[in-house]
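Each structure below appears as structure tokens.
Look at the two complexes coming up: chain A is in both, with chain B in one and chain C in the other.
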Partner chain A sequence: MGYTPCPLLLMDNQQSPPHPDTRRQLQMARSMCWHCQSEVTGEYFCDRCVKVQPVSKETDYFTCLGFPRRLMLDPQKLEAKFYELSRTFHPDFYQTKSADEQTISLSNAAVLNTAYRTLRDSIQRAEYLLALETGSVKDIRTSPPADLFEEILDLQDTLEEYRASERDSEQGHRLRATLQTEQEALERRKEGMEAQLRQLFADWDKLQDAGEATSLARVERDRILKQMRDLLSNRTYVNNIVNDLAATIA
Partner chain B sequence: MAYSDKVVDHFNNPRNMGSFKKDDADVGTGMVGAPECGDVMKLQIKVQNDTIVDAKFKTFGCGSAIASSSLATEWLKGKTIEEAQKIKNTDIVQELNLPPVKIHCSVLAEDAIKAALADYQKKTDGQPTGTK
Partner chain C sequence: MARIVGIDLGTTNSLVAYMKDGQPCVVPDRNGRTMVPSVVALTDNGLIVGDSAKEHLTRNPERTVYSVKRFMGKGLADVQDELVYFPYHITETGGVIRIRLGQKSYSPPQVSAMILKELKLRAEASLGESITKAVITVPAYFNDSQRQATKDAGLIAGLEVLRIINEPTAASLAYGLQQKTQGTIAVYDFGGGTFDISILKLKDGIFEVLATSGDTHLGGDDLDRVLVDLFIGDIRDRYGIDVDRYPDHMQTVRLEAERAKIRLSDELKTEITIELPEDKGRFTRELTRDQLEFLVAGIIERTLAPCRIALKDAGLTPKGIDEVVLVGGSTRMPLVRQQVEALFGKQPHCHLNPDEVVALGAAVQADILSGGTTDMLLLDVTPLSLGIETMGGVMSSLIRRNTTIPASAKEMFTTYVDGQTGVDIHILQGERELVKDNRSLAQFRLKVPPLPAGVPRIEVTFLIDANGILNVTATDMRTAKSQSIEVKPSYGLSDTEVERMIEDSFKFAAEDVTARKLIEARLDAEALIKTTDKSLVDAGHLITEEDADGIRTSLSQLSIAKNGTDPRVIRAHMAELEQTAKHLNVLMLDHSLKKSLHGKKVSEVS
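Right, the complex of A and B next:
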């Protein structure tokens, strides 16, 4: 298949992502086949009895799809792998198999779908990676951007005013023009944020590829994750108001 | 999924919508957001002699977020600072009958109350506004 083997029952823990070296060790860990109890060394099937193996709930979506925790994934490779695995787990191919195998293939297909939907979108992928990397650590939460909030709430007032106004009146036209300008400005801001995010994605991948365990690398890691958290949040706020603006003045 | 009657009522007739001047000494402002859904909430209290005499809110978000903050301002009025600290998101969930997916809206409202109280207390720090 040309892909690096992806152990299914990886003892990966979402709360405390293991250090890269530990991860490599964990990848060595093998699980036991649910059917013949022999060690599973294959990717998704037992080598001995050829039964499909369940994708563990603890397996993160990157591992599940056989990709490293990077943020600049090639969408075509991702799609190709998704299709390949979809065929592998497709419930139609398990109709003549045992009930256990049917259940496993169905739940694997479901996990696979969620994994692909999450990783396919670069924003969702970054949100997911943040959740994996920071887990329940709440200190990544930053102070809310008060200025942005004020702006959003002020805009909300103008929107209300517009909704209440006569569309064809002079006031209606004026408000609509104001809102249109605001929408364009916000869209540009959103694009700016996305450009910054792409830079952070590249920074993250570079750091991971280097794989250094120095304190400097740790500082850089925290910087990237924190800035990413801020940008992703602010982008969501801006995105929401842009959508609201677009829907109202459409 | 349908909204409860109480949510719809608060959504259609939001109580205490608006704002105070946030620089006024007797005003506490809480500004919070939920990065997951993009909702933004501003909740303000006006305090005299340790009692909240008025409260206002502005919310950009879903019906539940608006209802939660609207209800919060209603509850805040007439309460002392100390009593206001005790308002929990679960109280809001119960009153509005919020479904599990909307619980975060009530959390946001509680955060907004806490932030407004903290802002007011920061302003009055070292200059008590009356005897407790």
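Right, the complex of A and C next:
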């Protein structure tokens, strides 16, 4: 009984707080140029020796791409910034530089790509923000909307029946038609949830822009985050079922 | 910085290109041919590559290797079904395919290295400088093992492979440079052995790959096989001969199938002629384009599914594609063009030479890496999802397919049993749910401190570099100490093996040079024998019988030496013949001079 493959724990490790020691180390590394040890004031490069600086592991994706923590981001601006930073960090432009600079460029480019991929998609962006604001994203995952529970159980039965049935039989056609109707209904449901989410995104941005530190603002903040978490979780659940349905019927 | 060349290491043909005054250009040989057939043959004089090796396909099929790219990064079990089509002997050692040539066995990277070396020599001869650095292209859908194998081939050939880039994206660089296009393009790359589809967004010099898909075992070779099967069946019916029992005739059939396929891209019907074994005469038949298209329709159809997947992954419909670019020799087939046009709803672009565009793009990328071109940047993706085995034999994805590279992902590991001292980590690549359906890239054992179950925290980081190749590191989160992990590739050559092969290649380099010198000496000797013979006939009456006999003796000695294997001996006999025939040659010169002056007035010659 020696070795067991057991990748466990931490469903979402990007948001997991690093070990305290590591954190202190990284922050120190950030303020001082790794190459000439002078203080780094420039954004990505040391002003004195012009060496590229590592993007700190503490930097969140919004900061990395130079955007505030908002949920309605202009995709054009996001893309333009991503391209600009790609030109800054991509390993292609460090081929003639030192091994250290190549390593930094590689890891910076990897962080940048993850940041862009996360923020580009409005749902992933919201999930990420939620994790940043509430510290954990583990229980976002997926859960069925409460009022849909019965309906989804029925649907699972129909799906099983359809899988077992003869595709070309009358029963098969009937089940297929039922599933198609269900799929359309669930898709509308999903769209409804996405519209609600967009409203919450707008609410969030408005609240942040106002920047008030009143207790009322705190209550509003918690409401938005709570609702957003529930909606995201339900939407993912419904989305999975829709995909499953589409794959089965196709 | 030393010059970096771009190399298209193809299934059927390979090319080398470089950047000249801001434009990429392919290096031709002395006869102006740009393509080196990807064929290696073992002859009595050693290994030869390219056009001359191609001649051995029918003469010496068991010792002539072609389409070796299909075996890169593969185990024997992966290619079992198609072994029957290859006349050369394929085995497996240490999970890597080996190809038997005479007394020795070679891994696919070693055979590829011979082709790379030929390209290297060609570039060195043309540019007059030593070439040590290269960008090499691979099919976009190549997995980690296949990329690693390509990198190994470069190393063995004495090339530092600065970047492995994907063929369709390389093509897009060449295309983008020449057409100055903005917008979304689809690159449909149907080559000799592989099929790729890549969808890219071109904007302000950034080439962002949105999605890629393909099949690394689908190409012109498969189209040829359909015809081979047809001809074999015909011959069996008509003559009762099983051609597949005769390797050299099988090659004749295969080459004729390939040529017929190519002819039918321009013509509506063609005549097939194949010499039969055992002097049974020759097989002839007519083949029309319609018949060919009927036979290969299913294969061409197979390219469309990856196209649809790539479109879906890019979040696009065919309407969202502004331009379709064709790459690879197989896109010359009219049926392929029709199918592509039908799928995307627009006429494909084929102004660039589909054979050369990949090498040209590789040269552009080489120029970017050396700092020459600074306004273009390629953002490529990883074609296949990367993950690890979790409980129950299921693959859990860490990096999804079509993620922009470089890309990284982390996973936390811990122990399952008290006092456990290690965990097994199994890295996989592929899109399937179950471990057994995906590609096993590597397995390694990670040491953990013996602690109660669940206490150790080991963070494993996967990093895909700009070549699309995976690197793994592990950090013990309690001590923040990083552990480097030796990842032993499941289907690749080990580092020590690659090192040994590099040494071997230098050793063989000496042998190769000897082989080359021998061939040259023989050719020169033949030429000298021929001219001396002619001189004897034309001017033999001008010298004494004694002298003529001396020349004849030297001639016959050289003829014998020519069949030996030592180029120095041949050269020595050549020198001797030149010496004995010196007088004859002087007389011969005078004689021909007088002959040409005969009948002319002095004033005309002075």
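Operating definition for what follows: the second predicted complex is superposed on the first by the 206 of 250 C-alpha atoms of A that agree within 3 Å, B and C clash if a C-alpha of one lies under 4 Å from a C-alpha of the other, contacts with A are read in each partner's own complex, and residues count from 1 in each chain.
Just so we're on the same page, contacts are C-beta pairs under 8 Å (C-beta built on N, C-alpha and C of every residue); 3 or more make two chains touch, one makes a residue touch a chain.
The shown structure was predicted, so the numbers you read here are calculated from the model rather than taken from an experiment.
Using the contact criterion defined above for the overlaid structures, shared-chain residue A:R87 touches chain C, although it does not reach chain B. In the superposition on chain A, A:L207 makes contact with neither chain B nor chain C.
When chain A is checked against chain B and against chain C, the one touching more of its residues turns out to be C. In the superposition on chain A, A:N239 makes contact with chain B only, while chain C stays out of contact range. By the touch criterion defined above, A:I249 reaches neither chain B nor chain C.
Judged by the touch definition given at the top, the superposed model places A:A217 against neither chain B nor chain C.
After overlaying the two complexes on the shared chain, residue contacts for A:T114 are found with chain C alone; chain B is out of touch.
Taken in their complex, chain A has these residues touching chain C: 1-10, 13-14, 16, 18-19, 21-22, 25, 83, 86-87, 90-93, 95-96, 106-107, 109-111, 113-114, 116-117.
Contact residues on chain A toward chain B in their complex (touch as defined above): 144-146, 149-150, 152-153, 156-157, 229, 232-233, 236-237, 239-241, 244.
Within the complex, the chain B residues that touch chain A are 31-33, 35-40, 42, 58, 60.
Against chain A, in their complex, chain C makes its touches with residues 1, 162-163, 203-204, 206, 208, 365, 368-371, 374, 377-379, 388-391, 396, 403-408, 410-417, 420-426, 445, 454, 457, 459, 463-466, 477-478, 480.
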